[in-house]
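These are the structures in question, set out in turn.
One chain, subunit A, appears in both complexes that follow, with subunit B as partner in the first and subunit C in the second.
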Partner chain A sequence: MSAAHLSCDVAVVGAGPAGLAAARAAAEAGARVVCLDAFATPGGQYAMQPTQAESPFAATAPVALGRAAARAAGEAGAQILCGAEVFWGACVPGGFCLSVNHAGRALAVEAKALVVAAGAMERPLPFPGWTLPGVIGAGAAQRLLKTGTGALPLPGKTVLAGSGPFLLAVAQSFAKAGQRLDHFVEMQRPLPADVAKVFARHPGKLAEAARLGLDLRRSGAARHVGHMVTRALGTDRLEAVEIAPLSASGQPVMGRAREIDGVGTLAIGYGFQPVIDLTTALDAAHDFHAALGGWHCRADADGRTTVAGLWAAGETLGIGGAVPAQLSGRIAGAGAARTLGFSAPDVTGATQALGNARAFASALAQLYPPPQGLPVALPEDELICRCEDVTAGDIATAIAEGAHESFAVKTWTRAGMGPCQGRICGAGIAAALAQAGVPADKASYNRAHLPLRPVPLPLVRAAMQAQTEMETRP
Partner chain B sequence: MTTLPQSAEVIVVGGGIVGLSVALALAEAGAKPLLLEAKSFGGAVTGGSLAAIGTHMHGLAEYGVMAHACDLWRAFAERTGNPFEHTAQGQVGFILDAEGMESGEGWVAEERALGAPCRMLTPAGLAEVEPRLTGPVLGATFAPDTATVNPFLAARTVLAEARAAGAVALDHAPVAGLLVEAGRIAGVCMADGAEIRAGQVVLASGPWSQEISVSAGVCLPLVPRQAQCLAALRQPPGTIRRIVSAVESRGGVASGYTQIQQAGSGQILFNTVVDFIETPPEAKDTVREVPSGFVLTSIDTLATLFPSLAEIPLLRSWVRFEAVSPDARFLAGAVGPEGLWVCAGDNGSGYCRSLMLGRFLAGEIIGAALLPGALQADARALYAPQRFTQVAA
Partner chain C sequence: MSEVEILLDGAPVTCAEGLPLTEVLMARAPFWRQSPRQGAPRGMFCGMGLCFECVVVVDGAWSRACLERTRAGMSVRTDQPEDRP
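And now, the complex of A and B:
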C-alpha cells in the first residue's frame, strides 16, 4: 500500500466550529486549505449533524450552524475531508506531514502551516460502579440523542448527573428529543446573586440560559442540585443509582444518601478536557487551568503555539464552548495564512469578541467548578483503567511508593497503556494524583506518541514512507 | 516530595534499574545508601526496555558474569514471589542468509563450549518452537534459558526491596554536581542548591553520568545513543512464544538489530534498527519521536518474519537513550577522586546485568567480594573504568 498525497498551504485538523472557521478564514485569504475530521460529517461536537433525516435535531440552530460553516468553508475553497483520522503529525522541512487514516486508506498531507482544532473530549471521573453497563458519559448521551433518531436504546429510568453548565445542554437535548429524563443531579448550587452577576455582565447570554432552564423544567426531571452520584448499583448491569447531598465542604453526606431504583441509563459527566494529543506530540507547550478543563495548548492572542508554523484553535486551547471556538478558529486561520504571505482579513473584531466570549465562559466555569480530586472515595478493587484492568488500589499504592506524576503512574501500573491510551482513565488518574496531594503542574500530562490512535501496520508504513520522502528530499 | 537528608554514607545518583540494583546491594550489605533520582524511578531507558535476561550473543568474555547475572534474576524472582513476571520463555535468533548461518553456528559452538544450553534449529525445529514465525528463514539459534522480566514491575520490586533493606530513595531529586574537597568526594550538590554530604558517591545515571562527573574533573567516555521500540495491539497469548532476535554478526561490526517479543500484557513489542541513529548529546534531555525510517524497517521485519501479524494495529512507540562506551562494555568501579564510583555504560543491555553489577560494585565499595568465586575479580577486570584512562596515558 502506498499513501495518497495532498499538498496545501494550511492544513486544519478538526472540522468543528473552530476548524471550519479556521479553514474558511485561511481559504478566503487565498491559501490552499485541507481540513480533516475523523467524523463522518463536518460539525464537530456542538454542531454534530444527525444521521437520520427525521431526527428532531435536524432543524436546530447548532446543526444549521455546522452546515452553514461547512458550506462557507467549502465555498471559500477549502477542501474538507471527513472520515479522515489524523494519526500522526511531524515537522518536516518546509512544514508538516500529517499521517491520515482516510476511510481505511493511507493519506499523507503536506502543509506549510498547521491549525489544530481538535476540540474536547469527555472527562469521565471514576466512582463506585462506574464500569457497569448502562453508565455512559453525558457527552455520549448527547451524541446518541443528536445523531440517531433521538432515542436512547435502554429501557428504565434515566438519570443525568455530574457538574457543569453542559449538563443543562444535555437536558435540553432530552427535551428536544422527547426523551424522558427522570432525574437531574448537579453537584454545584451556585448562589443566585453570583448567577445574576454573571448575566448582568453578559446580558446577551440571558435568553439562552433562560431557554436551558425552561427546557430542563420541560424535561420533567426531578432536580437534585447540590447532590452527587455516590454509587451505581447493579449486578450485571445498572439497576439503581445512589445519590447524596453535599456538605458545605463539598463532601457527600452519606447519612442522607438515597437510592433511585429502576434506572436503565446513568449519563454522567464532570465537564470536558481539551484534546491535546497532536499538539503534545508536536512538542508545543501546554498549561494547566482547572476552569479550562485542565491541560490545554498554549497560544498567543493570534493562536500561535510555541512551535513555528503550528497554530491552535477552539477547545484545544481550553474549554469554552462553541462561540469562542468559532472566533479563535477564524483568528488562527487568518493568522496562519497571513504568516505564509497571504493577505488575510483583519480580525480585530473577532479578537475583541473572543475576549468577551472567554470572559463569559470563565465566569460560567467559576459558577460550576469541575471537581479536581476523585468525587467519591473508591473501593480498592474499583477499576480505573478498563483496558489494562488497573484498580484504584493499584494506583494508590503506586503513588504512595513514588509514582508522583501521570507518566510514572502509567509506567508503574500500565494504566493508560491500552487501546484507549488514557482517553478514558486519564482524568481518573489525574484526580487520584490530585487526591494524593500532587499539584497538577507536577502531575503533568502524558504526551502522545505515534500513533495517536491504533492504526493497522500497512497504513502506518505507507504514511511513514511518505514522511520519509518529505524528510529526505533535496 | 520528602525533605532531603543532610548527609548519607553512600549516595547513588540515578534511579534506573542499575542505580536501584546498586542501592539494593549496598543496603543488603549493611551500608545505608541514599538514592537520588532526578525524575521518576525507572522512567528513563529502564522503563522503555524489552528487558531480556540471557547470555546468548553477549560476547564470550562476559559469559561467566552474565550467567551469574541471570542466576541472580532467577533467585530474586523466587525470593520475592516473582511480582515482575520473570519468565524463561527462551530466545530464537532467526537466520536469513549464509552469513547469518555462519555467525549463528559460531555463537552456538562457542557458548556450548562454555556450558550454555543453546543449540541450532532447522526450519522444521523452528516451526515447533515458534509456530507463527513462517517467514523465509534458513534456521535459527535457540537459547532456551533466556528470560524476560516486566521492566516497570522489576524496577519497582528492586526499589521496594532496597527500601525494605534500609535504603532511602527519593524521586524528583536532581543532582547538579559533585562536591570534591581535598581531592576526595564530599557529597553532591542538588539542583536547588542544597548540599548532601557523603563519603562515597555512585554515578548510575546512564548517559547523564558523564555530565555529572565533569564537576569532579572526570571525563567518562560515554555517549548517548537513541533506542526505540514499537508496540502493537494486544494479541492472544502465545502468538509469539519466544524472544525473537536477529543473530548478531560477530567481531563487533554493527550489523543491524532486531528484537520482537510478546509482553505479558499481550502486546507485540518489536524493533529493528538498520542504521544507528545520530544522537546529539543534548537529545537525551528531550522527548523524541521514533524516526520514520525506523518505523519502516521495524514493520517490514515483523511482516517478513510473522506474515500473519502484518496487518495488526500499531498502538504505541517510544524513544529512550542508552549510554554507549567505546568497547561496548560497562564502566563499573572507582573513578577520579577518592570516593567516586561509576556504574554506567549499558550499551543497550544493562537490564540483564544490573543485579550482578549492583552486587559487584557494592562489594568494591564496602571492600568485600559479593560476587561468588573468581567473579568479583573477573568483573573488576572487565569493567574497570581505568581501562580508558590507561589507554589515554
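And now, the complex of A and C:
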C-alpha cells in the first residue's frame, strides 16, 4: 500500500465548530485548506449531525449551525474530509506531515501551517463497578440519542449522573428525544447567590439556562442534587446503581446510601478534558488549569502555539463551549493564513468577543469545580485502566513506590499503554496522583506516541514512508 | 426511514440505514467483547471512538462499532479478531 497525497497551505484537524470556523477563515483569505475529521459527518460534538431524517434533533439549532458552518467553509473553498482520522503528525521541512486513516486507506497531508481543533472528550473518573456493560459516558448517551433513532437501546431504567452543566445538556437531549430519564444525580449544589451573580454578569445566557432547567423537569427524572453514584452493581451487566448524599466535606455519607434497581443504563460524566494527543505528539507546550479541563495546549491570543506554524483552536485550548470554539477557530484560521502571506480579514472583533465568552465558561467552571480526586475510594481490585486491566491497587503500589508522574505510572503498570493511550485512564491516574498529594504540574501528562489512534500496520508503514519522503526531499 | 439488512454474527438483522452500529448491537446485549486479561464482558463506553472498548469486525477488518454506520449487506462479527488493537 502506498499513501495517497494531498498538499495544502493550511490543514485543519477537527471539523467541529472551531475547526470549521478556522477552515472558513483561512480559505476566505485565499489559502488552500484541507479540514479533516474522524467522524462520518462534520459538526464535532456540539453540532453533530443526525443520521435519520425523522430524528427529533433534525430541526435543532446546533444541527443547523453545523450544517451552515460546513457549507460556508466548503463555499469558501476548503476541502472537508470526513471519516479521516489523523493518527500521526510531524514537523517536516516547510511545514507538517499528517498521517491519516481515510476510510481504511493511508493518506498523507502536507501542509505549510496546521490548526489543531481536536475538541474535547469526557473526563471519565473510575468508581466501583464502572466497567460493567451498561455504564457509559454521559456524552456517549447523548451521541446515541442524537445520531440514532432517538431511543436508548438498553432496557431498564436510565440514570444520568456526575457533575457539571453538561449533565443538564444531556438531560435536555433526553427531553427533546422524548426519551424517559428516571434519575438525575448531580454531585454539586452551587449556591443560588453564586448562580445569580454569574447570570447578572452574563444576562444573555439566562434564557438558555432557564430552558435547561425546564427540560430537566420535562425529562421526568427524579432529581438527586448533592448526591453521587457510589457503586454500579451487577454480574455480567449493570443491574443497579447505589447513590449517596455528600457530606459538607464532599464525602459520600454511606449510612444514607440507597440503591436504584432495575437500571439498564448509567450515563455518567465528570466534565470534559481537552483532546491533546496531536499537540503533545508535535511537542507543543501544554499547561494545567482545572477549570479549563486540566492539561490543554498553550497558545497566545491569536492561537499560535509554541511550535512554529502550529496553531490551536477550540477546546484543545481548554474547555469553553461552542461560542469560544467558533471565535477561536476564526482567529486561528485567519492567523495561520496571514502568517503565510494571505490577506486575512481583521479579527479584532472576534478577539474581544472571545474574552467575554471565555469569562462565562470560567464562571460556570467555578460554579461546578471539576472534582480533582477520585469521587469515591476504590477497592484494590477495581480497574483504573480498562485496556490493560490495571487495578487501583497496582496503581497505588506504583505511586507508593515512587512513580510520581503519569509517565512513570504508565511504564510501571502498563496503564496508558493500551489502545486508548491514556485518553480514558489518564483522568483516573491523575486523580489517584492528586489524591496521593502529587501536584498536577509534577504528575504531568503523557506525550502521545505513534500511532495516536490504533490503525492497521500497512497504513502506518505507508504513511511513514510518505513522511520520510517529505523529510528527506532535497 | 429506509431499512437495511445486516449480518450480525451470521444472522440477518433488519434495522434503519445509517444508524450507529452500537445502537443495533446494544439492542441485543450491552456487551460483545471480553477484556484482555480478566475476560470480563465489555461494550460501548465512550461512544466517540477513543476507548476502543466497542471493537468488532466489519467486512473482515476490525473497526470501532461506535463510528460505524449500518449499511445494507454489511457483515459484523463480534468474536475478537487476532489483530485487534
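The rule we apply is simple: the second predicted complex is superposed on the first by the 474 of 474 C-alpha atoms of A that agree within 3 Å, B and C clash if a C-alpha of one lies under 4 Å from a C-alpha of the other, contacts with A are read in each partner's own complex, and residues count from 1 in each chain.
Heads up, the rule we're going with is that a residue touches a chain if its C-beta (ideal position, glycine included) is under 8 Å from a C-beta of that chain, and two chains touch if they have at least 3 such contacts.
Predicted model only: the values in this text are computed from it and were never measured.
Asks: Putting subunit B and subunit C on the same copy of subunit A, do they fit or clash?
Replies: Result for subunit B and subunit C: fit.
Asks: Check the residue A:140 against both partner chains and state whether it touches subunit B (first), subunit C (second), both, or neither.
Replies: Touch partner of A:140: subunit C, not subunit B.
Asks: On the superposed three-chain arrangement, identify whether subunit B or subunit C touches more subunit A residues.
Replies: C
Asks: With both complexes overlaid on chain A, does A:154 touch subunit B (first), subunit C (second), both or neither?
Replies: Only subunit C is touched by A:154; subunit B is not.
Asks: Specify the angle subtended at the CA centre of subunit A by the CA centres of subunit B and subunit C, expressed in degrees to the nearest 10.
Replies: Apex at subunit A; the opening toward subunit B and subunit C is 80 degrees.
Asks: Given the touch rule stated above, what does A:373 touch, subunit B (first), subunit C (second), both, or neither?
Replies: A:373 contacts neither subunit B nor subunit C.
Asks: Is A:414 touching the first partner subunit B, the second partner subunit C, both, or neither of them?
Replies: A:414: touches subunit B, not subunit C.
Asks: Let me test your reading of the model: by the given contact rule, A:388 touches which partner, first (subunit B), second (subunit C), both or neither?
Replies: In the superposition, A:388 contacts both subunit B and subunit C.
Asks: Return first, second, both or neither, reflecting whether A:449 touches subunit B, subunit C, both chains, or no partner chain.
Replies: A:449: touches subunit B, not subunit C.
Asks: Tell me the contact category for A:226 with respect to subunit B and subunit C: first, second, both or neither.
Replies: The answer is neither, since A:226 touches no partner chain.
Asks: Quick check for you: in the superposed arrangement, does A:40 touch first (subunit B), second (subunit C), both or neither?
Replies: So A:40 only meets subunit C here.
Asks: Once you lay one complex on the other using chain A, what is the shortest C-alpha distance from subunit B to subunit C, in Å?
Replies: Least C-alpha distance after superposition: 5 Å.
Asks: Check subunit A for residues that touch subunit B in one structure and subunit C in the other, and list them.
Replies: Overlap of subunit B and subunit C footprints on subunit A: residues 388, 418-419, 454, 456.
Asks: Would you pull the subunit B residues touching subunit A in the complex into a rising list?
Replies: Residues 1, 39-43, 47, 152-153, 156, 159-160, 169, 171-172, 232-234, 265, 267, 286-287, 289-290, 292-293, 295-296, 299-300, 302-303, 309-318.
Asks: Can you check the complex and tell me which residues of subunit A touch subunit C?
Replies: 38-40, 45, 51-54, 85, 104, 121-122, 124, 131, 133-137, 139-141, 143-144, 147-149, 153-154, 236-238, 264, 386-389, 418-420, 423-424, 453-454, 456
Asks: Give the list of subunit C residues in touch with subunit A in this complex.
Replies: 1, 16, 18-20, 22-24, 26-27, 29-31, 35-38, 40-53, 61-62, 66-67, 69, 83, 85
Asks: Which of the residues in subunit A come into contact with subunit B in the complex?
Replies: 90, 281, 283, 388, 398, 401-405, 407-408, 411-412, 414, 417-419, 421, 442, 447, 449-451, 454-458, 460-461, 464-465, 467-468, 471
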